[in-house]
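Reviewing the structure listed below.
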Amino acid sequence: MKKILQDFKAGKVDLAEVMEKIKSLPYKDLGFAKIDTHRALRKGFPETIFCQGKTISQVLKIIEILSKENHNILATKANKRIYSAVKKVYPNAEYNKFAKTIIINREQLKPKKGKILVITAGTSDIPVAEEAVVTAELMGNKVEKVYDVGVAGVHRLLDIKDKIFEANVIIVVAGMDGVLASIVGGLTSKPVIAVPTSVGYGASFKGVAPLLTMMNSCAEGVVVVNIDNGFGAGYFASLING
Amino acid sequence: MKKILQDFKAGKVDLAEVMEKIKSLPYKDLGFAKIDTHRALRKGFPETIFCQGKTISQVLKIIEILSKENHNILATKANKRIYSAVKKVYPNAEYNKFAKTIIINREQLKPKKGKILVITAGTSDIPVAEEAVVTAELMGNKVEKVYDVGVAGVHRLLDIKDKIFEANVIIVVAGMDGVLASIVGGLTSKPVIAVPTSVGYGASFKGVAPLLTMMNSCAEGVVVVNIDNGFGAGYFASLING
Amino acid sequence: MKKILQDFKAGKVDLAEVMEKIKSLPYKDLGFAKIDTHRALRKGFPETIFCQGKTISQVLKIIEILSKENHNILATKANKRIYSAVKKVYPNAEYNKFAKTIIINREQLKPKKGKILVITAGTSDIPVAEEAVVTAELMGNKVEKVYDVGVAGVHRLLDIKDKIFEANVIIVVAGMDGVLASIVGGLTSKPVIAVPTSVGYGASFKGVAPLLTMMNSCAEGVVVVNIDNGFGAGYFASLING
Amino acid sequence: MKKILQDFKAGKVDLAEVMEKIKSLPYKDLGFAKIDTHRALRKGFPETIFCQGKTISQVLKIIEILSKENHNILATKANKRIYSAVKKVYPNAEYNKFAKTIIINREQLKPKKGKILVITAGTSDIPVAEEAVVTAELMGNKVEKVYDVGVAGVHRLLDIKDKIFEANVIIVVAGMDGVLASIVGGLTSKPVIAVPTSVGYGASFKGVAPLLTMMNSCAEGVVVVNIDNGFGAGYFASLING
Amino acid sequence: MKKILQDFKAGKVDLAEVMEKIKSLPYKDLGFAKIDTHRALRKGFPETIFCQGKTISQVLKIIEILSKENHNILATKANKRIYSAVKKVYPNAEYNKFAKTIIINREQLKPKKGKILVITAGTSDIPVAEEAVVTAELMGNKVEKVYDVGVAGVHRLLDIKDKIFEANVIIVVAGMDGVLASIVGGLTSKPVIAVPTSVGYGASFKGVAPLLTMMNSCAEGVVVVNIDNGFGAGYFASLING
Amino acid sequence: MKKILQDFKAGKVDLAEVMEKIKSLPYKDLGFAKIDTHRALRKGFPETIFCQGKTISQVLKIIEILSKENHNILATKANKRIYSAVKKVYPNAEYNKFAKTIIINREQLKPKKGKILVITAGTSDIPVAEEAVVTAELMGNKVEKVYDVGVAGVHRLLDIKDKIFEANVIIVVAGMDGVLASIVGGLTSKPVIAVPTSVGYGASFKGVAPLLTMMNSCAEGVVVVNIDNGFGAGYFASLING
Amino acid sequence: MKKILQDFKAGKVDLAEVMEKIKSLPYKDLGFAKIDTHRALRKGFPETIFCQGKTISQVLKIIEILSKENHNILATKANKRIYSAVKKVYPNAEYNKFAKTIIINREQLKPKKGKILVITAGTSDIPVAEEAVVTAELMGNKVEKVYDVGVAGVHRLLDIKDKIFEANVIIVVAGMDGVLASIVGGLTSKPVIAVPTSVGYGASFKGVAPLLTMMNSCAEGVVVVNIDNGFGAGYFASLING
Amino acid sequence: MKKILQDFKAGKVDLAEVMEKIKSLPYKDLGFAKIDTHRALRKGFPETIFCQGKTISQVLKIIEILSKENHNILATKANKRIYSAVKKVYPNAEYNKFAKTIIINREQLKPKKGKILVITAGTSDIPVAEEAVVTAELMGNKVEKVYDVGVAGVHRLLDIKDKIFEANVIIVVAGMDGVLASIVGGLTSKPVIAVPTSVGYGASFKGVAPLLTMMNSCAEGVVVVNIDNGFGAGYFASLING
């Protein structure tokens, strides 16, 4: 800006040009937060597309725009038909059929030091957990996963004592009673991100029951994301994984 | 009945009298389930008055009727003013200020063999737990209580391992996330009766959150009673405490 | 443990071996509650798989692991396709098309003395009731069933007076107004386990209405399990059926 | 109208006067349904004031307007302070402290032949029941009442068999599980008006539980009014009490 | 009963026979309400089957039992496949494709004098309204219907002024805002039965919105049945249609 | 009216005829509001059919009636099969596959001066937004649209600063957190109509979350219509677009 | 800005000064929408303080800041104690005890041409209506009010036909069934702003019932603001009152 | 452990003693996670007492136990009467009347490098925010606070651009529409912890509305804690503030 003003004083640019520049300042300036910081200072944030409710051609068009820059691309809640269409145009696209994610890898990120542990209460919670795993890995994190802890009861948790110990951040994915988040939160002093899932039946009300359980967790150090929001959990875990 | 019919045939009673007897049969007969079984075969069921929403004079009148038979009397959700009024008429009435219960002891019951364990997650759950304790004790049960388990985390549960082991039935009283019921249910193969409480704040919604947690408990052997229903839990525990 | 310590003192095992043993103690020890008690002391607990939300291959794999020990296996919410796949590998698998359960019978249990009575309000509640029946029978209980009591009104209940009398535990399965649980609870002094079902329409809200009715039951001696949770009711009934 | 037109033709009234008359017709005409029918054809409809949320002076002013005609006046949800103020101006005002109703009797109605039976499940439901009783009596109905049926269980209902038989319409007032409406509906073929009440605690959610129970009643011939709406039940019962 | 006792005294029957008779009394007696009144005193009550959640063979079997007596039979929520199966066995079965009802006409009922008016707010409410119409007609009522009143606004109601006037009972069927019930209730002093429907979208929440509107109706003389419960409305209307 | 009275006085029409005329007055009179104002004074109101829950033949029949007058016709929530059927009879019918609307253009409206701006938060909100656009355009408004503002964050809003400035009314369509309405409402002093949509997952509860967000908007000048009610938003926007 | 740049070129201001000016631009610029437009272009927007949850000293401090400019000040949900404190400092403060509003009049606004009509269904809705009235009047609108329309039924609406006709915008305030908004919306083609109120009892759920009724209004041209949000309704009405 | 085994082998301790040691292992071992890590490895975790629902003497007793070790003590939701009682015994206790917290400072913690920014939307959200501030400061964090951002609109956020930039973690406290969390989340790439508050009225439903808004936030990097849970937010912020 200084330069353009000096150029203006020096007569190299005219008033109209300076005015135009200044007029566009606020947007640039406000936008910085998002664009500068994200992209320039803290590399590794993927461009993300939430596919549910979008047509295939809409998804393709968004990817086309996003892929103009060199960032990684992540499409969530993507069914196989979307993947097939994307794969044709971007042959290096990879699909995770559990997570229903497509990733297009553009930049190799320097791996972070801390480890993220992803735990599920049951087998049915795996799709949501996998979405978290894919997201966190794409953002340069080492991720360890232990699924179906809840089947055999609390003592199974002890088998993974060392993993809980070594992790820097823990994501707990659970439906039905959502109790696992409170238990893990009670065992560790690491930050726990709880993800309620909509699996289950009866009074689990598509995820409301575990959501409330997690919200009311008596264990300190537990925060909650939206029902089935594996992406949000993986993303936040990466943010706080130093 | 046979006798009256034979008397009738023998001319000792007349038709009108027999008809009257028969007319009253259905009520007696249907009522038996409740009255005979309860009172005669399985001694120890208290007469109970739910005081909330009743005037003092209504409570007194009900006690007057109930006290005509020799059973124990239990008044729940009774404030001190009700107790004072009752105490004047029934000097042996006893008040539990936490449970807000009045008991009038009429019959000494033979103690049952099994033990009932009452556990609370927090200090604020104690009033509901005490209601369960008073009820179960009045019905002839040995009751052991461990309060505020949740404060120091899961490892506190292990300190009470032996108590869990020795108990025949376990009542778990918890508000907020209600997680304790699932954890205890996962550690024992004894029947667990879960009582959600309305203590807490925010998204616990006056007991809805722990109610849902308990309803959806992934641990087998857990059943649920109404929010704050300590009486119901104590009563049921006594029923199944052989 | 004593033996290994004596062996250690006697020089038969070395320090490393003892340390390894001790390290694994907590899990075993904590697990005991579940594993020892369940399996050793109180025979008859089936290994259970909740099939909903699991792929066929996941179900098969879990059965494979569970079937290493000699316990009975119970798969719930299993559709016919899962059954066909299981049947191929385990020819003695049996399917209940109403309950949608698969059982693989491994051990013959000594039948319990008490009888469990399973009652439904309507025809549509039968699938949930059958899940309770299958579970309770597999755990060694004699089960009697009376379905569709609600169709002809309260007087039908009197026709089954004797069955209610003889039963040790009663399971009431009902949707819509869920009133049957309160009525049965009012007629008997035996423990009643109420199962709300999601059948019905309008303001039954997929089981919320009967759930609330049952929760608020004014009859003493009624507890509630999750909506449609026939398994939980059968399991708990078996626990308390002496 | 005919007359005025003939007068107009005869020159007794002028055009402006006729136009004015016609202009006011629609309101009269539409209003007829309410005013004519109600007041003229079917005598006995009281003028009603719902006091909750109104200041004392507002209530007094409304009564002043209403009392210009000779109908009975009924004020509901009126506390004692309102009553005192009304009593000063209308010395024949009568207060029912349970129902919290004020009535000012202006016209003696010919009693209807049929009888209305008002039943409550518990003692705490009496205030709502009394509101129904006061309303129905003011509208010229014979009302019989049986309170606290639920305390002693279903067999109490049989004691009132004859009353149920003789009644033309039955109002059932119940909180908590609201089961009584379904039971009565199952025993009689007379119309049953169910009134859920907000008494109770826990998962009765201030009347939502009995409301849902009653809504979903499997017994035919049961309709529902708003929670605690004793007035509405009494009013409707009077409408259909031939 | 008197006769059998006199026969007994006269030696015509023996003690065992009398005892047996007496033993069966309570059920008969209790059942009377339902069976005697319904069937004998107030002819015209149909036997009803709620088909939803029942298999075709279950429906057929129930009809077989019900058809042993000579009453009319009504099957509700019956799809075409059920109808086809019923039609084969009962050729006089009639289907109403809007109401999804099957009726089997067994007895010609003497028509009642009063008329029932069934009004819907929209076209989509017709299926529920038709269920009410079929039910009421089967029970011997003259039924008039006016559908889709809400489309053209309140003034349409005035076009049907005479119909509202002539009717003895009015059923109002409405989804979305459910306002029509309040408006009709405000125009007439006849009893109004409001049926909320689950048609609509957004914040109508499958009938909750009109249910609440109707529950809270400020017009006197309005009662409510369950969402989409056309049968219940038709049945109750017939009960009170003198 | 005056004329008919004068004719009557002059003997040109007889009493019966005048009485008939007067009798029909109220309906005409009341109806005026809707019919006169709408149609005569404020041209441009389309005749609208809500297709959901209607059969194709019902839709066709309604269009047939409506098309007797010369107004524009708008059918909403219309699937392609309905469109095909309509197109056959009304060849000038036009379909918007996103909005699922059919329009039949009958009258060319004079365009209004003000401009309506329709903004969506995401791509999935477009169908609801399009319904608003179609409605507003049919009513003679210039409509500008900016979709998917939310993808790139708040700074995108600044890019459309000029459009917000120029608009007379702004419609904001958003699901999930519904935040966009509050933000736009905070940036402008123009009236904002917020439309929550049912797109999204988890705790958005089919539109409840954005509905509540918008209802509680801390920005002044924001009102709300029903979930997914693009038509209502477009209609209201047109009403207030001078 | 141009001027400062020309001054800069002319050497009257130095580079640092220009840079400082430019740096502050975005805030000014973004803020313009709110501040410039509001205050400068469209006079009459009051500064508003929502008092609930604020201490008296906080309210006073906010008023102090706001009163530095010459705009009107409006404090809502203000109890008498707040008013007394304000009155001491600002003697021209005026209190409306129904609306619980304080206004401090600073600028005389040119009255708008159109009239706003505020209607309530009942007497208890008046406080919310008064808040709307105070707000609209402070913003320069002529406001007419008709309260308690609902007491005497629909025909009362006809009495105010002319007022509805003359109004430019209509605000309908109603609790319980909230039906009035739909009725008024059906009678007029003017924009209707519906305000649900939390008055009432039972299933009105503190305003949820009328909120849903209004949301689902089948009448076109109705939008909704938050429960009890009289201010929001008055503010929006003023925005669209040309 | 090794040592004791070697001692045992060496005969220094006997078998019983070793057995006792081993028996207590699991609890120690399991407990470690909480106790060792917390207290020893990661200094600075306060002992916390949730005062709501506890009597003064209970609070005093808990503090007495906790104060045996040298950690900081934090009591939340503590009213003034509790504080007075605590102050008498612990003169260095400090009270924050907004946050309603008592702290007893025992250990001086080494301040963390990163800064936590606490932002509120309104003045009424301050108490919850202060609870977060007190908690975070007690755990050794530098905390900056900006309250009442929402009053003047989005442009206020720009005024605090630098503060957002410098912060390591951001806590956003907001009631009503809860929009601020999404906006801040959209401006920064730092982790945002959203705290819904129960302030507000109408359809904010005591915090449900902002809870849902925050749960559904379309901005990445936002997690949620319970309604009014300032403590939880401050605690979690401290956990992730490197």
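For clarity, chains are labelled A, B, C, D, E, F, G and H in written order, and residue numbers in each chain start from 1.
By definition in this document, contacts are C-beta pairs under 8 Å (C-beta built on N, C-alpha and C of every residue); 3 or more make two chains touch, one makes a residue touch a chain.
Treat the numbers as computed from the prediction; the structure is a model and nothing was measured.
The fewest steps needed to get from chain A to chain D, moving only between touching chains, is 2. Each chain gets one centre point, the mean of its Cα atoms, and the points for chain F and chain H are 49 Å apart.
Between the Cα centres of chain B and chain C there is a gap of 25 Å.
If each chain is reduced to the centroid of its CA atoms, chain A and chain E end up 55 Å from each other.
Chain B and chain H have centres, each the mean of its CA atoms, that are 38 Å apart. Multi-chain contact residues of chain C, defined as those touching 2 or more other chains: 26, 30, 34, 122, 153-154, 158, 186-187, 200, 202-204, 208, 211, 215-216, 226-227. Working note: touching chain pairs come out as A-B, A-C, A-F, A-G, A-H, B-C, B-D, B-E, B-H, C-D, C-E, C-H, D-E, D-F, D-G, E-F, E-G, F-G, F-H, G-H. Listed in rising order, the residues of chain H touching chain B in the complex are 26-27, 30-31, 34-35, 50, 52-54, 58, 62, 77, 196, 198, 207-208, 211, 226-229. Here chain D touches chain C in the complex through residues 121-122, 150, 153-154, 176-179, 182-183, 186-187, 200, 202-205, 208-210, 212-219, going by the rule given at the top. Residues 1-2, 5-6, 8-9, 15, 18-19, 22, 25-26, 29-30 of chain F are the ones touching chain D in the complex. Across the complex, chain B is touched by residues 122-124, 151-155, 158-159, 199-204 of chain D. Of all residues in chain G, those touching chain F in their complex are 30, 33-34, 37-38, 42, 45, 48, 158, 161, 164-165, 186-191, 193, 211, 215-216, 220-227, 232, 235-236, 239-240, 242.
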